[in-house]
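Several structures are given next for inspection.
In the two complexes that follow, subunit A is the common piece, with subunit B as its partner first and subunit C second.
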Partner chain A sequence: MIFSTELLIQTVISGLMVGVLYALMALGITFIYSIVKTINWAMGEFYMIGSYIQFVAVHFLLGPRWWWLAALISMAGTFLIGLLLEPILIKPMYSRPMQRRDDYATVVTIALLLLLRSLAVALGGPYQYRPESDLSVIWIGPLPQEGARVAASVCALLALAAFWIVIKKTWIGLALRAAAQNRIAVQTSGVDVYRLDAVAFAIGVALAGLAGALLAPLFMVFPTNGAVTSVKGFEIIVIGGLGSIPGALIGGLLLGLVESLGAAFISSPYQNVYGFLLVILILIVKPNGLFGERGREA
Partner chain B sequence: MMAGAPILEAQGLTKRYGGLIANNDVRMTLAPGEIRGLIGPNGAGKTTFVNLLTGLETPDAGSVRLDGTDITGLLPHRIAAQGLVRTFQVSRVFANLTVRENLLVPFLAAGSPGGVREGQDRAAELLDLSTLTPLADELAGVLSGGQRMLLQACAGFMIPAVRVYVLDEPFAGINPVVKDTLIALIQGENVGKGRAFLIVSHEMEIVRRLCPLVTVMIQGRVAAEGTLDEVARRPEVIAAYLGRAAA
Partner chain C sequence: MDSLDTHASTTAEWRSLGTQREDHVMQRRELFGGVLAAALIALGSLPAKAQDPIVFGVITPLSPPGETGLGQLAKRGAEIGVEYINEQGGILGRKVQLSIQDSAGKNEQAVAAYRRLVSSEKAVAVFGFIHSGANIAVNEVAKEMGVPTMGTQTGATDVTAKHYDIAFRTHAVDPPRAGTWLGWIKKNNWKRVSIIAETTDYGIGLAKETEKQNKEKNLGLEIQTIMFDRTTTDLLPQLLQVKAFKPDAIVNIGVGQPLDLMITQAHTVGLLPATPMVTSYDAPARPQFWQLHGEKGVGVSFVAFYSPKSELSDLGKEFAKRYQAKFSEPPVYAALNSFANAIVFAEAIKKAGTTEPKAMIKALEEGSFGGWSTVPVTFPRAEGVLWHNWSPPMMILRYTAKDQTPATAEAAYAQ
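Our next item is the complex of A and B:
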């Protein structure tokens, strides 16, 4: 591979652009963990649901011009599904006396993962779909970028900003931050912590659903399309530290950069390997992740 | 306020952990506006009793009534919303929120019609009373142990409906100045607003000052009730505190 400044800049830009979308996934995982104290292993399947809703909305209902409306619908749809599923699947972990809560939540979310994948096969078949995109190539300076990719990154940035505003400026955000610190105290303050759990779960999976919707024209729509993205989400959690929101954001950008640089300057077939090398490096140097707290109870 | 009708009434509260009976047929009634002390040696079941009252644990038997309404087994946030509020022995402030935000959480949870502005006003008033105003916009994580206890106590007062306030060991390990501030705060809310208090404490001097009546728990049961000086003369109370030989 020939080195050139132009290629470097382009690689960095495309790395950061995909990194923002990775960050969306990782933020969802870490946010659910910080409130509900459990890892949602079915995160990739909410990404998958988001991508299917996007495909159906763009292909059958709205047309490619309304891709952004379809993305909002996908996000709202996954939010609602999360809001409905959490009280049924996750809540019993707290509302009933239980010996091994973590084990329960792990088994339930993995079962949910299998159920949702099978459901996708049953409903849509084992095929790949792709929602049409009529976004033209966008020039960033002298450098061309795929339109759908730029659109996805910009929307992901907007979603991150919206998330920040909800968490920092609204009453529900204040309650969520309090619950992340102490579940018991938030209850004795008069807050219904079970409702917060459902909202946090719904917000987290909606971030995954949005990522799925935005990436659908680039990475295709099929029953297991969430697997790779959710693995990246978990890689970022290891890099950034479980439960850390800045960790999810910076970890996402870092992973996007490393993959993109590795693919451009070392060898592109090994793109997915570079992230794991970064994970191994972080585990050696800083086992709790860049922003992880020491001795946190998992 | 009706004289005679209790604001809080616990009947036959029983809680077992395996073979251990932590609370055994515990009964207590609190009159409106009363400040009651709850004393007893370590392991007597005081904190279990507080947990049963405030919904953090469900009793195996017995009932709790708040102003005549049965609240047994309700979720903690429902009990708080009905006006039975508590603090914790190990203070549970939200270290990642500012001091002011800590106060707004219980206020906004109560969904007062006044909204954020009324909450800010009430928070400012309590911050003044508790001398925490200079720290209002600092993260609660920087507070000392005593300041945390003050903040925790103030957070309870932010719930507009509070009628009974249970303070679990509020004076443990805090400096005398903070103690006096906390005592003044309790007395102010008691006299001004007629709120009843149940104060779990080992600090007999403060209990004597604040509480006309005390309840003594020993080994999961209510062993005595009366003024502090009365109960201190009971042989079973002396025995529990000093060991059998002294009885």
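Our next item is the complex of A and C:
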């Protein structure tokens, strides 16, 4: 392995940039969990849907100049799909008496994962696609970066900031935070908690859809492109703490850094292993994650 | 009671007698039917069993993480092959039926598909393999179950080097393939070479073979070898290492998505187009290449096993005509090879006069078959990796302008 200060800086920048994109994915997972108390195993498939919408919008309708509009359409599209699916798949968990909610959610979301993946193969075939990008290479310090990657990282940071503002400064954010703390209390205050669930689920999958759209020119579009990214998302929520927004961002950055530095300076074939080692380390030192809080269930 | 008993007894006797008579009639009918069936079989007539189609199995990647582009091509080739065989009257008076199984490039899925093909669908030959790992894993089971396999585009040494009776291949093996890009590197007088290879049987085998030949042939190349996990979504850390090494040429040994990712990201860090890159197989020959890479695909070189400028056999020309008519594009290697695999198996069964595996294997070993190229296809019990192996000629093609095809690409090197 070659080592130099310049190479180290380049690797760190590369790791941080990919980390921001991982964080966007993790945020969707952690947000859905904090409100609906459900792990959505089909999160990678919403990432995949976002990437397909981005490809269709850029390649067939808008052209590369309007990539940002396509990304917004992708996010809105996945939001709507989430809003439609939640009452059918997730709501029965709460609206009907059910003893094993976690098992139900696992089975339902894994079935959804298989359905969406098969649909993608049926509609688009098993091929790879890439939405065109006319953004030129941008230098970040000593590291040349694809314009699409820089744009994706900036948009991811903007999306994280917008999400934080919605959650902290708006009525719907207040209601969502309240539902995350105590569903029954929210219901007794006259808030339709089922509608909140649907909104939270839709926002969560829309974040994944946005990640898919932003990463489509970099990591390409194919039926299983969300699989690896969603695994990263789950690693990040263990690192950052389940339900924590800052945890998702810091966890994403840490994972991106560890993977890049490990691949560049220790051993490249184990790039995916370094993230798991970090997860194990965090589980030993801080089992609830860096920003996670110990929960209590009645 | 007596009368009743007597009646009952008589009735029972009659029933028994009736049953015996029926048994005799049944036995006579069965005997007659058996004799008739034997006579029909002996006369070569068409009893129901013999009309069953002969099943050819195809195990190929049709979903990610497999190399789906090549999987689709292998499927197309096999379909046209079976269509052609049936138009020629089938094999031994029976039609051929194709059963296509998706391996997704995964060893365990390929093995399950082989078991299903042989046990449930009674396949007599299995081909279409693209991923070496899947082919090698299937061969371990096939050597017990007995039905022969043929690697359509699997390059790793162990596909045939284990000398299993059932293992056949019609593709370039590691030594001549590594020799091809080493020849290209030597021709251009390059000294520093980066190999970026995935950690699969295919990637590891080719990386080791390149290093081995560099030593054995005293080429004096300074080689940087970087391996990566094929599920990796970001190859920037590896490519930054490559850039720091300042190579004269890069050998891209990724399959499917990592191959394309490497091209894109090599552009980002400024390695391409200045540093020549060769991909280890003919992925850039796929029609999707320019959609994926646009201008960034210019300058990429690739190992090719067939160019539209290559001379085709009559069979190859027939296939090219049908392929063009059906898919409105010229055929590429994986499709040609898969087509030829179906034809070779059909000819072997005709030569053997049976679908019995051992007789088919003997026919394959002893025969000479027509394939897509003008070079006859043979499977000698040769030494080492060349066991049961027919290798196509290899060349390196280079794209010098956007939207080129293998027909218009520059011939950068030929063995």
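Definition applied: the second predicted complex is superposed on the first by the 292 of 298 C-alpha atoms of A that agree within 3 Å, B and C clash if a C-alpha of one lies under 4 Å from a C-alpha of the other, contacts with A are read in each partner's own complex, and residues count from 1 in each chain.
In this section, a residue touches a chain if its C-beta (ideal position, glycine included) is under 8 Å from a C-beta of that chain, and two chains touch if they have at least 3 such contacts.
Every value quoted in this text rests on a predicted model; they were computed, and no experiment measured them.
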{"item": "Touching partner for A:S4 - first (subunit B), second (subunit C), both, neither", "value": "second"}
{"item": "Which of subunit B and subunit C A:V285 touches, first, second, both or neither", "value": "neither"}
{"item": "Subunit B versus subunit C as contact partner of A:S189, first or second or both or neither", "value": "first"}
{"item": "Touching partner for A:E146 - first (subunit B), second (subunit C), both, neither", "value": "second"}
{"item": "Which of subunit B and subunit C A:A180 touches, first, second, both or neither", "value": "first"}
{"item": "Contacts of A:A122 with subunit B and subunit C, given as first, second, both or neither", "value": "neither"}
{"item": "Partner chain(s) touched by A:S268 [first = subunit B, second = subunit C, both, neither]", "value": "second"}
{"item": "Most subunit A residues touched (candidates subunit B, subunit C)", "value": "C"}
{"item": "Which superposed partner A:R130 touches (first subunit B, second subunit C, both, neither)", "value": "second"}
{"item": "In the complex with subunit A, residue positions of subunit C that touch it", "value": "61-66, 68-69, 71-72, 199, 226-229, 231-234, 236-238, 240-241, 244-245, 256-257, 260-261, 264-265, 267-270, 288, 291-294"}
{"item": "Subunit A to subunit C touching residues, read off their complex", "value": "1-2, 4, 7, 10-11, 14-15, 18, 121, 125-130, 132, 137, 143-146, 149, 218-220, 222-225, 228-229, 259-261, 263-264, 268-272"}
{"item": "Residues of subunit A that touch subunit B when the two form their complex", "value": "171, 174-175, 177-178, 180-182, 184-194"}
{"item": "Touching residues on subunit B, where the partner in the complex is subunit A", "value": "54, 56, 75-77, 80-81, 85-86, 88, 92-97, 101-102, 104-106, 108-110, 116, 155, 159"}
